[in-house]
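Heads up: the structure comes next, in structure tokens.
Chains: A, B, C and D, in written order; residue numbering restarts at 1 for each.
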Amino acid sequence: MELYQGSLDVKAIFARWLDEEAQSNYGAYIPFVGTIRAEDDIDALSFDIYEPVLQKWFDGWQEKATALGAVVKMAHSIGDVPVHTSSYVSAVFSPKRRVALELIDIFVEDFKANAPIWKYDVKQGKRIYAADRSTPMSGAGLLS
Amino acid sequence: MELYQGSLDVKAIFARWLDEEAQSNYGAYIPFVGTIRAEDDIDALSFDIYEPVLQKWFDGWQEKATALGAVVKMAHSIGDVPVHTSSYVSAVFSPKRRVALELIDIFVEDFKANAPIWKYDVKQGKRIYAADRSTPMSGAGLLS
Amino acid sequence: MPCLMKEYQMVKVEFLGPIGKSPIQIEALTLADVAAKLKEDKSLTSWLDKCAVALNDTMVNDLSIKLQDGDKISILPPVCGG
Amino acid sequence: MPCLMKEYQMVKVEFLGPIGKSPIQIEALTLADVAAKLKEDKSLTSWLDKCAVALNDTMVNDLSIKLQDGDKISILPPVCGG
């Protein structure tokens, strides 16, 4: 798992992950690249991350992937990420395509639902929590 | 759609496609990279392609993608591709992740079932049709 | 009695990928005629039930399609791209 | 009658992301005690029903968990990575 200040260097990450697994004999490599869309007059999105829980979340997925003979990788931005640049890359490697296609889908969806990352719109220098696009994590409401 | 003699330069293709859509305001980019696995003592796989039907197959998918607000891309090798190098890259760009995750799955699966490409094992210089791993295209048996 | 003129057309049949057979020219009115001719060729026996068909590079699924002079019929064996 | 000793522990509660509240130290025996304390804070009213909870960086889902002195409790509001 890799965290970076600001936009991701997507090409470098894609290439390095490819090289890391070049001799691992995986037949399928599926990255997912998330890029900031220009909408609602935002200049950028900005992210807070709680790394200790994110690392445990990721380690849990690596265990699930290992049980399927696969590997997962992930990179995410911290702080401001301007529109048309990327804040998120995750990837699956596996021997066969079905495992990779199914795993990238559930890995990305669970990331959206349960990775401890908070998103803010950046408009005219102000940082506004994206409450309407955020999802309570599983177990939310325990203390209410 | 791009066809190349021999192994694909996966990093260059990934980077160029990223650049091509850098200003298109897509939020999700999902490439699928297919790499030749070392198995059954093969030195390489080798591919024949019937380009006119492949182009129509691809154009049909581009139409379906357009209807979803998405774009598909594809590159494939012709001839010999050594183990641990790549013969196939396809990709989906779309504004939102759900469309991209669903489209890459059905696009890759239909590719495996209906793209007019024939695969051969290359062992000790001999080219052996991969009959046991090949799938009759839809409509097969019309003339039998 | 009316005379039913059958207008046979000269069409090209090509065999793709691993079939390893050179293209042939045959006379045929429809794809059904093509099927009948190809079934006479013992080297194709093991292929025909697994092969799909393209007419002028468009996949087809109807034996009754009328052929035109110069049509190209492609025989596509089982595929495995990727 | 036996004396039921309640051993309250001193724990740290931290509020992540957009909640924008500094960490606090409170005495509590279980997460239920933490819930009771946090409900007294009006600035948290709109957050608590949407927030998940981690105990020493492990997500938890049980109010009866016994706390230890020095435990760290994290309050995680709705997320949106990617």
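The definition used in the following text is that a contact is a pair of C-beta atoms (placed from the backbone, for glycine too) under 8 Å apart; a residue touches a chain by one contact, two chains touch by 3 or more.
Source: prediction; values computed, not measured.
Chains touching both chain B and chain C: none. Ranked by separation of Cα centres from chain B, the top chain is D.
Each chain gets one centre point, the mean of its Cα atoms, and the points for chain A and chain C are 51 Å apart.
Distance between chain A and chain D, defined via averaged C-alpha coordinates, is recorded as 27 Å. Mean C-alpha positions place chain C and chain D at a centre distance of 74 Å. Contact of a single residue of chain A with at least two other chains is seen at positions 34, 97, 108, 112.
Contact of a single residue of chain D with at least two other chains is seen at positions 82.
Contact between chains, per the stated criterion, is found for A-B, A-D, B-C. Residues 16-18, 31, 34-35, 38-39, 48-54, 57-61, 63, 74-82 of chain D touch chain A in their complex. Interface residues of chain A, counted against chain D in their complex, comprise 34, 47-50, 52-53, 56, 76, 87-88, 108, 111-120, 129-131, 133-144.
Residue ranges of chain B in contact with chain A, taken from their complex: 10-11, 14-15, 18, 22-23, 25-39, 84, 95, 97, 100-101, 104-105, 108-109, 112.
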